[in-house]
């Protein structure tokens, strides 16, 4: 995930200037590249934060779980490509719709696979910690269902108006930056329920 | 491995449209790139799952083992290049055979090196945990032998018909997605034999 | 961070030689690329050393902290792009100013987000180890404030003279290479206060 | 290091075929790219094995050590660029010498920084484990001195004959693949002296 997120920048090229054009103007024309970079980066970043949160309660792995993770990562690693597609074709009427739809389908696939990974781990507490909180697990499972539905809806809207669709993707990425909107459900019971980082005290 | 897998997407370019062509048609023409991306990604992903499984029983390293791993990773890191080669030349009669053969040779090299890494660690339980299960180790060693043979055979088939060869590579990648086809052999004896993830309980 | 730093080299291309030109001369003309590579690499490297130092005292994470880190990493991951911009346009009068200003704004954003990440963790010792030293924490917080101010000032200077601005960015990167200029403030109290690496003794 | 090593493949492009040329012939012409890929990959791989060996005895870090590591990694991360340079210009008389010299200088810088990182850690056992073996430390320090000297000599030979110089770089990379040529000096005393991997027993 860290690698996919960092590769995004490679899709932003150094601009070519027309004769007599200033670099400032050339950079200004490139704005779809910057916007697409930020939206894709933040979206993967937020998925990463949620993934991190879930792995505080997932304490085992098995074969099927790893394979599901491979497919999940395949959908994430693919994102730089539709990101470049949207940045390239956002100004062209017909192509804009196609590029946005491809981007949306990739986003929807990510959301579906994220659910698949979590649901596989959570079903019957298959891979969860013994002190996993059933109520919290249930709440999280329910809340994640809205992801694929929202992204699929935003993708379908692209066929009516690609701008509205893109605005929804951007709004979703920005929304999660607001403090308090992230994963707040407590997944573990008891005094050990507080999430800890992987950093030990050096004392 | 995670890096090689993520770099694959860089080989899929933004399509160039001929005048009057729609983006949808241009994307459709790029299908070999997407297929090659998915097959290579899934293949490396499945190797990674198997590698992970083996490292539950490999608890030491030595010099030769690390060098073997370097050569193994060299064959994996090279894969984005023949992947791009196949995607580029799949539509051209003569070049298709050459590109497929190069792809197949890379796949065969990966399978050979995977065996070399494992066999070096497993011979006389050289680098294995004290509670490694001899029967499980033997079974895994035998089953991995089929890898280089299968991939070499699929590579040779390319000289008769490259499409058949490519179909075999794709089928092998998809086959391992079926639940229950992955590494199921128990490598450790006793109550500690259950595979654990690297994630500790947060409780 | 390790990934962004390593991707920088991809922005240095193999030079094109004019007819009759030697490779030595063509490489000589590419000097802005090498200089920009070194300055950006060292700057990210020094941020990484400081980040490592701070994480010896940060022992918890929460949601907002992770999101702040995502935005911080977004500013770092973007750096290869303005680095390439400066290398490309350093020889052109007007474009040089614009390219340097973009580079400086990216540097300033990194410095601001670095402060935000640290201040969020340190406020009221929110995410710090129990034996964090209040005096050391306070000193570090105060000293990091100079980062955004210095980089913003150097960015504004670009509009008067881009060369001076670039010289300041280079000087700041080289300054931190001098032994004794790095993070020396003790962040933990007592006998356990000495910073330890993550490497355990093999004995 | 893992990232720099994996990026090397991006410098091998899909070949352009002249009209009437077969893909096999076009690939054959690209052999310098494959040779340069293998030599650079194996060289970084061997450095990584040695680095891993040394870090079994280095158990602390400090500021200067981290900065030295940043500069060391900068020289390694730069290697894909001279690798591409050699692959591109190996067939042109004058440019071959320049490209080989640049490659050799990068190799020499890596060897110098590797020594600097180790010597800083080992001087007066500054960052070493309490049970570090003084005789072993001394032997390793002495043996690493030959690295910068050998690579500098091979670089200077490029000005007489670039092919000889390149053959030495290739021979050095292949030499270390021979079992028993790697880091065999025992760095730790006593029963805990055996090198362990970072993988714990799952039992």
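To keep things simple, chains are lettered A, B, C and D as they appear, and every chain counts its residues starting from 1.
One rule holds for everything that comes next: a residue touches a chain if its C-beta (ideal position, glycine included) is under 8 Å from a C-beta of that chain, and two chains touch if they have at least 3 such contacts.
Since the structure is predicted, the reported quantities are computational estimates derived from the model, not experimental observations.
Under half of the residue numbers at the chain C-chain D interface are used by both copies of the sequence.
Least-squares overlay of CA atoms from chain A onto chain C yields a rotation of 90° to the nearest 5.
With centres taken as mean Cα positions, chain D sits 26 Å from chain C. Distance from the chain B centre to the chain C centre is 37 Å, each centre being the mean of its Cα atoms. In chain B, the residues touching two or more other chains are 3, 7, 10, 194-196. Taken chain by chain, the contacts form a single closed ring in which each chain touches exactly two others. Across the interface of their complex, chain D is touched by residues 3-4, 7, 10, 55-64, 66-67, 70-71, 73-74, 77-81, 84-85, 88-89, 92, 94-95, 98-99, 102, 127, 129-131, 188, 190, 192-196 of chain B. Contacts from chain B toward chain A in the complex involve residues 2-3, 5-10, 12, 14, 17, 22-24, 27, 37-38, 41-42, 45-46, 48-49, 52-53, 176-177, 179, 182-184, 194-197, 199-203.
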